[in-house]
Every structure is written in structure tokens, then in C-alpha cells.
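First chain A sits with chain B, and in the next complex the same chain sits with chain C.
For the complex of A and B:
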């Protein structure tokens, strides 16, 4: 076991300073991902900065929207009446994300930063450009049934595993962060990077930069939102394909649409082409079919994962019909 | 454990509160999970070690009354908390109503998942004394059993629910 320094600061400034001071420091929140990666030797930080003592948990109603502290446990997000009533896609996604035990532990901030479930990333002895830059991607010529059909590169085709992140993307959520020199508000849509030639870099966050809250703005489309996750079994399984949609429908016409996909790309994927088809249209079967097809127009499936293209169409067809029902 | 540098060394002796007792954890690697510490250092083998990734629920324990998978909790993070394992549910050699019901219903086969399920069912019935069938299924969805097919487990939970309901009625 590599030597490990463990620190549990009780204020944000100290946490950020402790993380920034050690280039190999790792933040620890709910632990549901990081503790496993530590045990498997995928992560080998020299310093663990446990942020569980920071006072950044809880859901607040603010400016008609919600501010969810980064350390709010997923179970508390799912139980909150305002989340259930006004941001149903998030409640659905959180409930689909994990078992009761894990929802009691995992945090909303951590769920945005979950690491990929790619088996090569999680096996410390195989080549993986994300875990060990420059060693190659084992998935491209190996097992890639579960891998990306959108947004991948010749260096990495791993998919982002988070359910909540997909819903937060569709709900125009904004991440509030804090570093030692600045505070930022980053739309979830801007938070994630595509792998390109640097798959080890997954988000805009700088080393030591702390997510302190996730904000959900009041929008015209959040209340009519839902999330659908399709997986190979009903418990403890990550999405083959998932979709979050949010719609503002007035007078039978879709004024605004958000469509986000999970399980198909290295980041939560915004399907803007599908949104463009929906905007200004009536919610008919033809509209739904056109939007579902538009979402995968640029898909580049590989030998083993071509099924995901059709699965995206079917998941979107079902979730759009569900969200669109009721006029 | 608050303050900025509580466990700054790479390995250290610290104290956990488990089932109401203060337990010394000596010279431990600070990356160890709570499950590993309970089983390997404190001689409490009730929480089981299987998937090591929060999938199977066989390591379920309470930390400050919250049901968690101890395989994914860093033991050092539990220093200020009250940990309750399956060993701490019953008083001495007596069985809790949930444990007795599992025996009566034949909900135990190989027994590996049983401690985690017993802890999860206590969590459910202590929070919600009258759960519906779907609530029961949801509450134990994080606990995998590969023997029983769950039928007798569900029967055991229903029996405790009904029994507690009868007791609480005037």
C-alpha cells in the first residue's frame, strides 16, 4: 500500500489549500467511487482530503430555483419535495443511480465527478490513456460493447457513468466552485471536456478546485422533465443508454426542449440536434421520431456497440412520449 | 475528528466507536475501508466482504444511524461517528425480531447475505413501520441474495411488519 496522508478539514478554505498544496492530493466526499478506486490501486494519491466535515450540504430554495450543497447525499436530493415536484428528472435520475445504501453515501457533487466504469480504466495493469496517459486505449480493439458512440476519440471511448449529471445537464444546472484565488459558476454543459488527445483531463476544474453547490435555475421546462435509464439488470447497474428530457409546451407547441443522453459518450451528452427538431414543433409521433433520429445522426458506433444507436432512438421515443403526454 | 490535521501521519492509531464500545485501531493504513477494519482489526466478521464496490450490500452497517456499505466508507472518516454492525443489533444472545423472523421464515440459506439484509430491514422498519410491498423491495434492492430468490426474505419482512403493527395497536 502506498503511504497516504489523511486530512479532514472543517472549512472550505483549508480544504482547498490542502488539496492545492499537493499535486497528488485527492478529495474524498461520499467515497462510493473513490474508496473503490483506492483499494484497486487505480488512484494512488499521496494525500486524501476528506471534505465530509465541510458545511456544504442541504437543499435551499433560492430565486425560484434550488441550490443544492455539493455534499448533499443523493437520498436527501431524491426525498426533497421541491426536487420531486419541480425537477422530476433529477429525482428520477437520483433514484435510478444507486441502491439505498449508496444513495445515503454518494453526494451530488461527487456524482458529477464519477469516474468511468470502463473495465480497462479500472484494471491498473492494462493500457489506458485516461489512467496512464500515452499507454494506449485497450477498449478500441478490445471489449467496447459498453463504450461511446458519440464524442469519443482515437485515444479514449470510455463513457461517463453518472445518472444525476445527465438530468442536471437537461435542467440547465450550474456548478458553483471555489479555488484559492477565484470562485466560478460553470454551467454543467461547460463543465465536461471531450477526451480528444487528453482523456485524462475530464473537466474544466483545476486541481484543488472544490464544487461547493449545484444550482438549478427556475426554468419553463424543468417541471415537465423526466429521466429514463435502460440497463441490463434492475439493480446496481450503470446505464446502457439513459435520457433526460425537459419540455416547455404551450398551446400544443414545444417552445423549449432539453435533451441529454447518458451511457453513450465520454461526458453527459447534450443532443442539440434533437432539441432543434423539437423546438417549435407539435408533439406528434413524427416529431418524436425525427428528434430521436437526429440525436444519433452523428453517432460513430464500433463493432460491438452498434446496438446503442437504435437503443438511443427507442429510449428517446419513450421518454419524449412520457414527458410530452398531457398537452 | 475535526480540526485541520487530525490524522496527518501516513498510518496512525485511532479510535472508533462500534456498537457502543470504544475500539483502538492500531497502526492502520489510512486508506483502509471501514469493512476491512471491522473484520480484520476489530474481530467483527458480521459485515461480509464480497463485491468491495457497494454492489451487494453484504457489508451493510449503520454509521450515525445511516445505512451504508462499509466497504465504501473510509474507516478514518468514521472516527467521530457511532458505528453499529449486525453484532450490535441484539442484546446479548437474544435475537432481534428481524433475526428471529428470518429464521422462522426460512429466509436464510447459505447465510452470506443475511447480516446485511438484517441490517437493511432494521433500517427500513425503524424508519417506516408499515412499508408497502414495493417499499420493501426498494429498501432491500441494494442487498443481493443468490440462494433464496427473495420470496422467503420478503415473507420474513412482512411477518415482522405485521407483528410490530399488532404490538403497537392499542
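For the complex of A and C:
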């Protein structure tokens, strides 16, 4: 790990200025991802701007929705009664992430921006277009059991690892950001970019742009939401496949549906085709099966990760049945 | 012996120091003027080093020196186990060849760890890369020259003819992946020179092995090297042999003229301390309709490095666990551009039992015999390979007690016939066995005038409880309470003891401590009549202390009896039928393992083995990129060991077994039998739950979809 400058400003403006002023600066929140990447030599910033002294932690009820400060620890998000009661998918997803120790440190902002767990990305020695653009993707013809079946490109098939992000996507969450010149409200759905030919660009955020909060709007579907994650051990493990669904069902008919997938794509994946099948339908086995199949219609599995196609179908079948039965 | 301490659940002698953090592990050692070394490893699986450019590293802040093949003196080879103590015969930094990805190529020493790490990243190595063999499947099979002195192949009876005639036949291939030990404490060495004398603090299972190997490598007299290892943060076989980083620490310290600490990173642990070789095991069984075994053919292929041979006797378990007249065992090796594998908890048996005990379960299903009944039917009254009588064998009791405790008779035979809510429930079982080993060991016991007793031996406590059990043995031999006794271990200045592997420490060192204590006792008694306390006698004679010596070596019984520990595992899993998630929900392990010195530390050993076996069954595997020959995700996120959430309450039970033949204490050893058969019991439970026979470990949602 190369020497770097460590700064801990206490107001947002200063933090943004310090980050923007140095093209190789990196923001540090809970550090649970950044520190590992530093130690592995994947990141080599010249400056670390520690944002933990900024007053952007805590959950507030606002306009019937919630505003979650970017520095709110995942454990505090999962504990909050309004999250548990009104946005159950988020509470489930947060509790399914990492381990209690990590959740005590990890923040909501950091969870959205954590980097992929692709072993080639995290090994500075191996070719990787995301880490070192133009060097090639090692995973495509290498070990890709855990890689993307949706949304990948011939440059990158790494998956986004965040559980909370999948739930936030299904709940129409919006990210509030601040740069030196502007403040923005970016729907989580717009935040992430697909790898295409530039896998090194992962989000819309500009260098130094600070996430200050994640807002959960009051919606008709948040209350009937849930999250399901399949993994190889019971805790402390990223998703093989996960899904968040949120439904507004009235008179037996699905008015609105949100279906988001994790562990299958380079970003939290919105399964719009599945949503379209659900919208206006009754929650029957046939509807569920059709929606589950629609979600993977465009899947492009490879040799080692083909099992994820079937696993997505089964996860969706389960989670839709669960959400459909609830409320 | 009239045991009062032995056999009771005495608290760990080192519990307080470990819980409060005062126990000083190798990674904690700090010496005046200590410098830090970081190892640089190869990033290609084979080829030649064209150039190592260390100029930038040498100029970096704090750097004291860089060692590579360019400036390393020539070092002597040390034979690998069991001929010698080395884990890898090839000494480090001797030439420009690279034989595997992750091989040590250079060492950077600096005033701080960060400076050393920073400079290590600046070392630029150019390679002339060659074609590599990176998987077991890609290479040619060759017969090993031997397995710990035994022939790799053996035949008894006529297995082929018996198979041809068998009423029931089974032929299946089982595979296990590369597994790593991953003790909590990584490989670590602190080296300090004092003139021509070298002191090494090392995290090791074998202080005298380290001493001998390093002395031999560096061409020193053995008595010029002292090795100290009071606490070891786990090992599981990874520290049984002496690996190249140990000598690198010594060389680095000599090079910079300061004491040097070298701690391997977690990523480096994947290529520096050996691993359990992957196996491909073909098993053919022949049996009568009632399940009586008539033939077993167990053929195992494993990998070794391109420059030397290590092979675990995975097939041997098929010769000795069951009565079967016709048995053939075959071991083959493939040379792969990978590090040399090594022993890992129950080397051989742990993987061999997965194949054998899965196959037995398949045979049970095929012949319609209950799995426990099938094993009872094939119980070996005598050791079947050599025909010797067992010194003791409680396997039948293990089955019976385990079945009772687990409630086995409530098991319904058909797969998929038991449910809990939406989950399929499965019950499976397997047998366990592991040989009784012991080697010559020495100990001293000092009785002091103030009444305190000190036990010393150059053995080591890997966390298994040796400090505690040796205190118990001495306390009983002397008839004093354990509070009076302390032990000092892990130092080559103490009486010599063998490596702590093969579950042999209690069986080797225990008898030595016992006889040293009796010797000390008789020396005190020679001074006075009985009745007085030791302290009174010594004080009256103005003697500060007396010291007894004890030497123990394996007795003649070894040639008259077959000596093994046995056990039976019972596992319950719940499987999500759609999502393929397997969770272990109940486990019972029953063992006949001779005298249990301390049921509390013994229980911990068994739980540890069962947890290790659970990892083997469900999560653990090292993934290597076949084109690059390089481990992918070399960290504890990529290599998943079970978490607390994966482990249910574990019921551990020991059969009260008195074996007069194994040694003076009747101790058989427990650390390894615990893991043998666990993966099979779980795989068998998965089959019972789902009807799916998984022959390739680990069993993941992917395999069950």
C-alpha cells in the first residue's frame, strides 16, 4: 500500500472540495470495502477523504417516505422500525448482507458504491478491463461461476455485489448527491451504468460527488415487499442470486410491481419484462411462472454460470409467491 | 494411576491468557530493533525469471535489503516428510526457475511492515513463461514412489474376480477439490542472530523439525539453532513441516544484521504452507445381496508439484475399516505446476472416507439394508489387512450409542420421505477411523521446595490443549492438585518431542510426562518416608528442587496389535428443495479413542474436526484459473469456511475405552478421527433428503438444482 494523505473534514463542502481537488482522491466511509482494496493494491489513491465526521447519518421520516443519511450504518438501517415496518425488503436485504460486525461499520452510501467481488478485478496481477482498461477480461474464458448472466458485455461480466442496492432499486429509491457546483437527485435505477465498452465507469457520479442521503419515497408497493438471497453458507457470503420484489395488489390484481435481481448482472438488475407480466395480472402460479421466465429471457449464461438462469426462476417463483401471499 | 485430574473437564491452562490477549503468538513477538520482511511471489505458473529489478525497491524508504536468487547463498536441500522435516525439499531463491504461481522469488526487508510491503510492490519481475500443467485432469498419471514408507498399491485376495461374481456391484467416481488449512494465525517467523547462533520464533507444529531443517539448510550445527513456539494459532497440518519462508526469515535477518519478522499474508497462505490435494477417486464395491462386502477397489489420483512428490494415502482406509476378503488400493499422481501439497487434518482418511463411506451408503440403498446395519454386518473383528488383533475397537458401540442419541430408528428409509415445513430433511451417517501414532518423546518434571511443579517438554500446543492435559497427567502421577502444576512447552531447549501431527502428541508426550513425574517423585521419596508433602521433604533437606526425567517410546505392542481410533457420525440436513440450499441442522459424533484425558478440551477437538468436515462437505474449495494457474480470490471470502450460522449444536460422546496396549496412559489420539467421515455423513444425509447422490465436493446450491 503506497503512502497517502489522510484527511477528515467535518463539513460537506470541505469534503467535496478536497476530493474534487485531487483526481486520485477516494472517499472513505465505513472503509469495509476501501481498506481491503487498498491493501490488495487494487486502489492506490493519493488522498483518502474520510467522511465519517460529516453530519449525514441517521434515518428521518420525510413526506411519508424515509431519508437515510449516507453514513447511516447498515445495522442502524435494519433496526429502524420504519424500515422494518414499511420497507421490509430493505430490512431483509440489509440483514442478509455481510456479517453483524461488517454491518456495524458499513454505510448505506458505501454499500451502493462497493466494488465487484470478481476475483480478477481484485487481483492486480490479472488482466481486467474494469481495473486496468484495455487489458482484457479474465473471467469470460476463466472462472466465471459467480459472474453475470444479464447485462454483461464482451469486456466485463463482473456482478455488482450489494444486497441493499437491489432492495433500494425495487423500492424506487433516489440517491441525493452533492458536488461543488450542483446537487442532484438520481433514482437508483439511473445511478448504475452497464459495462459496455467502458466497464471502468460504474455509475453516473462524477469524481468527488458525495452521496448525502438515500430517499425512499412513499409508494403503494413498498409495504408488500420482500427480499430473498441464495448463498452457499448461512451468513457472511455474497449472493449467488437474490431478488427483491414489491407489489401493489388491489382486488386481487397486481397494479404495480417491482422486480429487482442481485448476483446476476454488473448492476442491481431491474427485471422490467417480469414486471410487465405481473402488471394487471392476478397472482396465479401461471403468472408467477411467466414472470420468472421473462426475467431471464435475455440471459446470456456461460459454461460455469448457466445454473443461475434456473436459480433466478426459482428464486423469483419463491419470492413472488411470498410477496403475493402477504398483506 | 488413580486418576483424579485425568478424565475430568479441567479448564484450559492457557484460557485466561488467550482470552485476555496476553498469550504471545509468533505474530505478536516484538524484539528490539525488529525489522520486517515481506515476501514477493511469482505470478506465472512456470518459466524462467529473465530479470528481477529490485532497484526501485532498494531505494524505497526504510528498505534495509532485498534478497532474490541473485544474492542468496546456496542452500542445502532438506528431505521432505517422513524422511526429513521439510514441507518442500527445494530451498528458496536458488535459481531462475519458477515452478508454480505463488512461489517465493524475493524478500524485502525494511524498518516497518508498511515500508517493506510498499517496497515489495515495486519489485519488477520479467518472466520467460512456459507451458504449464495447471489441473489434475491435464497431466499424466504416474505411480508414486511410496506413501510415508508404504507401497502405493496393494492387493489382497482377488478383487477383480470377486467383483465379477458379486451379487451387488457399484462403480462410482468421487472427487474432492483443493482445500486449504487456513489457521487463524498465518505462517510466521521471527529470526534473531546472536553471532553464529540463531533463535527462531516460529508458528509451528514441530519446533525440533524447524531447528533441524534450518540448521541443515544453512549448514549450521543443530545446537546453534533454537526454536521457540509457545503458542500456535492453529495449524491443521499446514505447520507440520518446515516451509521455505522460515529459512527466508533467517536469511533476511542475517542479511540486514537485525532481527526480522516475516508474516505471510492470507493470500500468500494459499501457496506457502501446502494444501490438501484434490482427489479423483474411483471406487468399485462388490457385495452379497445382504450387503456383505466381497470386494473393494479404491483407485485414487492426486496431484503433486512438478519438482517433488507428496501423496496422502487416501485409499488406505478401504483396507482396514471393514472386513472384506478382496481389496485393491491404487494411488497415482499427476505433476502440476502448483505448490507441493501436504498433510491436512487426517491426510488420506478425510478424503478417502468421503469416497468409501458415500459408496457404502450407495450400497446400503442398492441392497435395501439400513446404513448402520450394513456397517455392522461388515464389522472387522480383526484388522483385515495385516490380520492382527485390535488393541481395542469400540466401533460397534459407537454405532449403537450414536444411533440411540440421534434417534436413528425413526429414520424413514426412502429418500425425500422426511420433511420440516417446506424443507426436505435427510439423515445420514458414516464411520470414522484413524490410526494410533506415537513417537519417542522426552519430558522433565521439576518438584520445587515451594510445592510448585513444573512440566517441560519440547512439544507444542496448537490450541489442542496440550498445556492442560500434560498438567493433568503430572498432577495425577504426583498426586497433587492441578493448580500446583504448570507446563512450559514449545522450545527446543526443552527435552525433545516429536511433531504434533498424526494425533500423536498426547500419546507420545503424555507417557514421557508420566514417567518423568514418577522419576521426580521417587527422587523425593528417596529422601524421606512417605506421608510428608513434597514441599516439606525438600525444605527439610534444604533442596530447591528435584527434577525427574522421562523418556517414552512406542512399545512392542505396535507389532502385536492393530491400533486405531474409531467413530460414527450422524448428520441431519435440511435442504430447500427448490433453491438447493443445504443447512446442517443436527450432528452427533461418537468416538472410541482410548482414554480421554480431558473431556472438555477433547470435545473442542471433536467439534473442530466436525466443523472442518462440514466445510469440506458444503463450502470449502480453492479455485484456480486453469489458464493462469493462479488461485482466484485468495482470501477468506473466496475460500468459505463455515460460519457460526452454519453450525448447529454438536453432540459429542466418547465411549469409555480402556486400551492396555497403546501406551502407558491408554491414550489413542483424537484430533483427526473427528473429521474422518463427516463429509460423507453429510453427503449421505443430502441423498436421503433429496434422492440426489452428490459425488463431487463441495455440495452447493448449484449442484442440487
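Operating definition for what follows: the second predicted complex is superposed on the first by the 324 of 327 C-alpha atoms of A that agree within 3 Å, B and C clash if a C-alpha of one lies under 4 Å from a C-alpha of the other, contacts with A are read in each partner's own complex, and residues count from 1 in each chain.
To be clear about the criterion, a residue touches a chain if its C-beta (ideal position, glycine included) is under 8 Å from a C-beta of that chain, and two chains touch if they have at least 3 such contacts.
Keep in mind it's a predicted model, so treat the numbers as computed, not measured.
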First, second, both or neither for A:314, with chain B first and chain C second: second
Partner chain in contact with A:3 - chain B first, chain C second, else both or neither: both
Partner chain in contact with A:264 - chain B first, chain C second, else both or neither: neither
Contacts of A:236 with chain B and chain C, given as first, second, both or neither: both
Partner chain in contact with A:126 - chain B first, chain C second, else both or neither: second
Partner chain(s) touched by A:99 [first = chain B, second = chain C, both, neither]: both
Which superposed partner A:74 touches (first chain B, second chain C, both, neither): neither
First, second, both or neither for A:28, with chain B first and chain C second: first
Residues of chain A that lie at the interface with chain B and also at the interface with chain C: 1-3, 99, 234-236
Residues of chain A touching chain B in the complex: 1-10, 14, 18, 28, 30-32, 35-36, 38-39, 48, 50, 52-53, 98-102, 104-105, 234-236
Chain B residues within the chain A interface of the complex: 1-11, 29-31, 33, 52-57, 60, 66-69, 71-74, 76-77, 120, 123, 138-139, 141-144
Complex interface listing, chain C residues touching chain A: 43, 114, 117-118, 121, 267, 578-581, 583, 618-619, 623, 625-628, 630, 632-634, 637-638, 640, 642-646, 698, 700-702, 705
Chain A residues touching chain C - in the complex, by the definition given at the top: 1-3, 40-41, 99, 117, 119-120, 122-123, 125-126, 138, 141-143, 145, 230-238, 240, 307, 310-311, 314-315, 317-318
